[in-house]
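You will see subunit A twice below: alongside subunit B first, and alongside subunit C after that.
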Partner chain A sequence: MTGAIVKESAASPHWLKMVGARLANLPISYIGTAALLVGAGLARPALLQPFLLLLILRQAAPLGIAVIGQSLCIRLLSLDLSFGGVAMAVSYVLTSGYLPFSEPVLIALCLLLGLAVGAINAFFIAHLRASSVIVTLAMVLILGGVVTAFSQLRSPGESPELLRYIGQARIGILPVTVLVWAAALIPMALFLRLSVFGRYVDAIGANPRAAWASGIPYIRAIYAAHILSSLFAVLSAFLLVGFVGFGSLSIGADLALNSLAAVILGGVTFGSGKGGMLGPAAAAFMLMFSFNLLTSFGLGEPGKEMAQGAIIALAAIAYSARSARQWA
Partner chain B sequence: MSAVSVRRLGRTGLGLVSLGLPLAMFVLLSARAPDFFGLQNIANVNSQITALLIVALGQLVVALIGGIDISVGSVVSLTSVLLVLVDPALAVPAALGAACAIGLANGIGVAFFNVHPLIMTLATMTFVQGLALLFVSSAGGTAPAAVVMLARASFGGFPAAFFWCVLAIGVVSIILYKSRFGLRVFAIGANAQSAALSGAGVSGPRIACYILCSLAGAVAGIYLTGRIATGDPTLGQAFGLDSVTAIALGGVQLSGGVGSVAGAVLGTITLGLIANGMNLLGVSPFFHAVVTGCLLLGAISLQRRKVIGV
Partner chain C sequence: MSLLALKERSAAHPAGRTPKVEFRNITKRFDSTEALSVVSFAGMAGSVHAITGENGAGKSTLMKLLAGVYPPDSGEILFDGRAIRFDSPAAARAAGVSTVFQELTLLPNLTIAENLFLGREPRRFGFADRSAMRRQAHAVLQRVGVDLHPDVTCGDLAIAEQHLVEIAKGAAAQADIVIYDEPTAALDAPGVDKLARLIEDQRRAGKLVFYISHRLDEIFRLCDMTTVLKDGKHVRTCPTADLTHDALVSLMVGRELARLYPERGAKPSTAEAALRVTDFVARPGGAAVSFAVARGEIVGLAGIEGHGQREIIRALAGLAPHMAGGALKFDRDGSAKPLGGSIVATARAGVGFVPEDRKTEGLYQPLSIQENIGLGMLRGASMMARAKIDRNRVRALMQQMNVRARDDRQSVSSLSGGNQQKVMIGRWLASGVDVLLIEEPTRGVDVGAKAEIYRLLRAFVDAGGAALITSSELTEHIGLCDRILIIREGAIVAELAGEEATEETVMSYALIGRPPERASR
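Our next item is the complex of A and B:
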């Protein structure tokens, strides 16, 4: 009897500890976004107006879509740094007028390009076990070089009508880009949570050699991840080109590095086999919100770069320290 | 576990690609471009590849322990800015000190906090590039006269670039092949756990490798700033990735333990010859990147790894 009373009274702190541990395990992006919103509420309340928040959400949409692919690759112990090259190529194909096709055909061509780039990346990474850093960087060199060479003949121009509509229109108060982001994110998150493929991703990320030895289709998973990643990069470039209204060779140049930062802030780490889709999505918003907040403080581009570097380093160190504590 | 078959290539990583590619470039260019073997052209290639060679040697040291340092380009830029901002007497020590601090930050992040080197150096790359741009927003200022003299003078008929290359190759060769530290670097790169169990300290040498790489970036920055005689906050932007490309072409494995100074030198020469050859053959400079990318993919196709990973 006395034992039961002791057990019951001890249950409450234990339950509290569980909740505390659960909160402490949340991706930094949730805590960071909340802290930024509180900070902005105190220092720059104007930034919290719904209209501005939706604008920031619209700015975050291209990054958020790229982040879906990047987080998938990172969960599989791979990496995709070719976003910049893909965005550049998409921007050129769509806006230069070099290819005399209608808008839907050009859009289809861009999707085919994404498919091809993803498949080539995957071929080198899965079959030849090449470093994903080197393969995807080589891809940036090739795509960037070709586009830059062609742009000497014909420079990028206006973006297609359809993409401008998607990039700039609203339904009610909601920007269409945000709806596109949600339409890509939610099915993907559900698919990875509920499907067998999602389990494969977790198993390969946790221990690729063990997964390989267990007969998990590593090669197919890498193909799927890299093709999806490149297709998401194409979609992200569609939104950027539509949002800006014209093509540019520098469009999406910071997409790869920002997506990497967002994935880390979102709680996905190399080789842990852990990670969701919502954490990195929140991180994409957090990064864009922090850039806007820093701009409102009068911090120029260099200051923003420094803050971005510091955020990535601190987040990565915090995650490593946290996982070291868990394993201890 | 090392990446490629160590039995086949040895720990130098020198194979068909790393040896054959520069040789093929030499043969092709000497046949197609009559000016290629001219003294002036050879001197041009030498001065063009010097900074990349110094950075690639630093990148090699980090790659040998299974790391990667993409922040080294930002170190080149920051060095260039510091050289024109700080008092000329203190400029070089300030640049070397800043590089040590950046390397230390990278090393601590990777060795103590176990952060992936790509992430850690990406963070410092962004931070340091921002810092360089905060100091100076565009190219300008005057480099110290001594630095300009060291980069531009010629001794005994040889341009200064030649001596910078020889010195860099000599120093890194002694560090890697003639010191206890070098032995530990190869041991850690081949299998960090085995090295630790055999009593070799792992964290110290790891941090030292990142410091050495940043110092290589600073030395390359000093050389380049001397060459152009002015400061440029974006001077080193391409070096982070170019140095990785150079060592990859030289057979160095990013998973650690396999690589050589000769490989880094050959990889850099290959990149230099691509740029020079395309100039001589009149190919658009915009295709340099395309050819480099294709060669990089070709090089890794012939060096199949066993490990799965970044």
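Our next item is the complex of A and C:
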């Protein structure tokens, strides 16, 4: 009844136990990133050049931004698998030229689309108590279908100037994308740490029924999380479209699954009301770095996908092993 | 070990029989707290042995050692005189220890039969023999007196039925030692009777039944031996017949319980209403109720369970819709706010709701005491605002409520029931509401914590608050409330002053809607 069982030899000194416990509670992504960097240093030291690391960081930025939204949803015991559909729609609106508007208007339209997708997801999840997995997957299908239908009229083309600039420019040595990531991540992390909303997220994550019964605006919190999540997906798609330079129907297809893996690796535990923003961000970098490492080992696209699947499965196993230990 | 203890021990070994189970100098630590400290006593086959004490006394921990959930740090457990050590609950089960835990362990997606025989299904040709399983399940359910089909999925059962199945599961295990951990917490009166018959059968069959409870009536009714624990230490083991109610209570609390209920406040001279309920219909086709709760008052909604008290208080809180009528909450400046809309609006209006089930609806178990209480301080704040949680205030409240914990960062899940209840009430005290709607203010809480919670509630209304409570314990209504509204079939059939009410009058109104004099047949 009282506390967890500590199974450690009585011989090890107290401070060592403390450090051990601290380490064991760190998100897997910190330890994983460190291990990968050490591993790369031994096997592929070339990957550790600052310029390459910055490039990987730039690659990780779109995922990192999507992860912000995903971790928010997961902390509220929801999920957002609609990132791929949103990215596809954004890429089409921006690049097809089918909508005869100026670039700023198109960008504003995409943000409105994100708002609408998030609100619709939230409506079904919060009001109709539908499963978030099914609702957001259905959203991918619907968005995908609409975009595919339109693309028969006109196929996607070049990215808008502004986004291409953001996707490719640097300030000093820092890629602008990385700055965009930081500009999204840091305020959001601070907001969740300091605001009433952040406390509500923890409460709902720990016990949604109790949160509801004590008058916490549960439904508004779900709306906020899903709308923010879809807006982050739009921002992530902006970076992808700008980065690639042209639109495509397959853009961001792996965003949802990778973001899910990153959130898990980042130490957000489902139903504990706990988890930060930095762990998942580190996990986004860790995933991207591991994909690059695999490429450097000469693994082709199919091999990479298998490895990617294995990493996600491992993340899930590590996660459940850890939560089993915590709740023993 | 004093002489007295030796004498008691020999009383537990009549005629030199070897005890079925003997605990010798058992000590168990969790982190830095000692849950059990050098506990020794014995249980004999063919007896029902109560393990009692306040919440946090170590009752459940001791039984979990016996059930193989975890090993003791020192000391030993003897079975029929031989020391044994279980590595896992499965090992304890194999050795003949069956446990009916307080928490439900049924898998909701399996049928009753599947749950009863989970992990030890009757087999035929290497496959689970479903028809044998169904037959045996039926027999067990009959024995417990539960009229349910073995093929019903457990998730579809009411909570009380699930608890009966849980008990049947314990009985199905054919063990020599059966442990019941607060088995009646979720049972109604007929359920308790069924359990009592089952336990009597088990005693006659020569089993040793350990019965964890702090319900004195049940201990006196069911148990022939009683062991009292306090703060992890063994206080006494003796035949229940040697004890009186008062003696048992003072053994549990370790002091004479000064007064369980606090002094009622002076009658408010000008009855300034904090809550006014008018023609309020809480369930479809139900009766309308009208009443008011003044500042300085605790008002109870009493009655037999299922007569609509729960619906009224929940609809007032805005957790469920109401059919007709309305309710107003008055602020101190006289301005009125409607109630019964949504739970979010209720909290905004300055009304707190404390649910009866603190585990599922009340507390954030993985979060700390500080977070659980602190969330109350955010009541009515904008989601965009900065969260201001005053830790000093939390600590002061913990001290005022006498919450026993290491510090305010300890997770609520590691607290005993009474302390959890205080934290849940503390959240609303910290939130600045002046009306509380409370379901079962002291469910599953020991006597000591009860007295403290009553004191807290009295202090809350003395400071100008108002409280409306429901409770299934009549004595709680009579001891705590200033006024009692008795509900029968959804309607208020009587209003009694707490000072004048007796169990007899309240029961009479609740059962037949009339005072006892006229009811004499």
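General observations
As a convention for this text, the second predicted complex is superposed on the first by the 316 of 328 C-alpha atoms of A that agree within 3 Å, B and C clash if a C-alpha of one lies under 4 Å from a C-alpha of the other, contacts with A are read in each partner's own complex, and residues count from 1 in each chain.
Here is the rule we use: contacts are C-beta pairs under 8 Å (C-beta built on N, C-alpha and C of every residue); 3 or more make two chains touch, one makes a residue touch a chain.
Keep in mind that this is a model prediction, so the values were computed, not measured.
With subunit A as the common reference, subunit B cannot sit beside subunit C without a clash.
Legend: residue contacts after superposition of the two complexes on their common chain; A:Val86 is shown touching neither subunit B nor subunit C.
Using the contact criterion defined above for the overlaid structures, shared-chain residue A:Ala40 touches neither subunit B nor subunit C, since it reaches no partner.
When the shared chain is aligned, subunit B comes close enough to touch A:Thr148, but subunit C does not. By the document's definition of touching, of the two partners only subunit C reaches A:Phe197; subunit B does not.
By the touch criterion defined above, A:Ala210 reaches subunit C but does not reach subunit B.
By the touch criterion defined above, A:Ala224 reaches subunit C but does not reach subunit B.
In the superposition on chain A, A:Ile251 makes contact with neither subunit B nor subunit C.
Once the two structures are overlaid, the count of subunit A residues touched is higher for B than for its counterpart among subunit B and subunit C.
Taking chain A as the common frame, subunit B overlaps subunit C at a single listed stretch, which among 78-86, 186-194, 204-212 or 276-284 is 186-194. Once both structures are placed on chain A, subunit A residues 209, 212, 271 are touched by subunit B and, in the other complex, by subunit C.
Contacts from subunit C toward subunit A in the complex involve residues 30-31, 33, 35, 56, 60-61, 70, 319, 343-344, 346-348, 352-353, 355, 360-367, 371, 374-376, 378-379, 381-387, 389, 414, 416, 427. Looking at the complex, you find that subunit B touches subunit A at residues 3, 68, 105, 109, 113-116, 118-120, 122-134, 137, 241, 244-245, 248, 254-255, 284, 286-294, 296-297, 300-301, 304-310. Within the complex formed with subunit B, the residues of subunit A that make contact are 77-79, 124, 128-135, 137-142, 144-146, 148-149, 152, 208-209, 212, 218, 257, 260-261, 264, 269-271, 300-310, 312-313, 316-317, 320-321, 324.
Touching subunit C in their complex are the following residues of subunit A: 1-6, 194-200, 202-203, 206-207, 209-217, 220-221, 224, 271-274.
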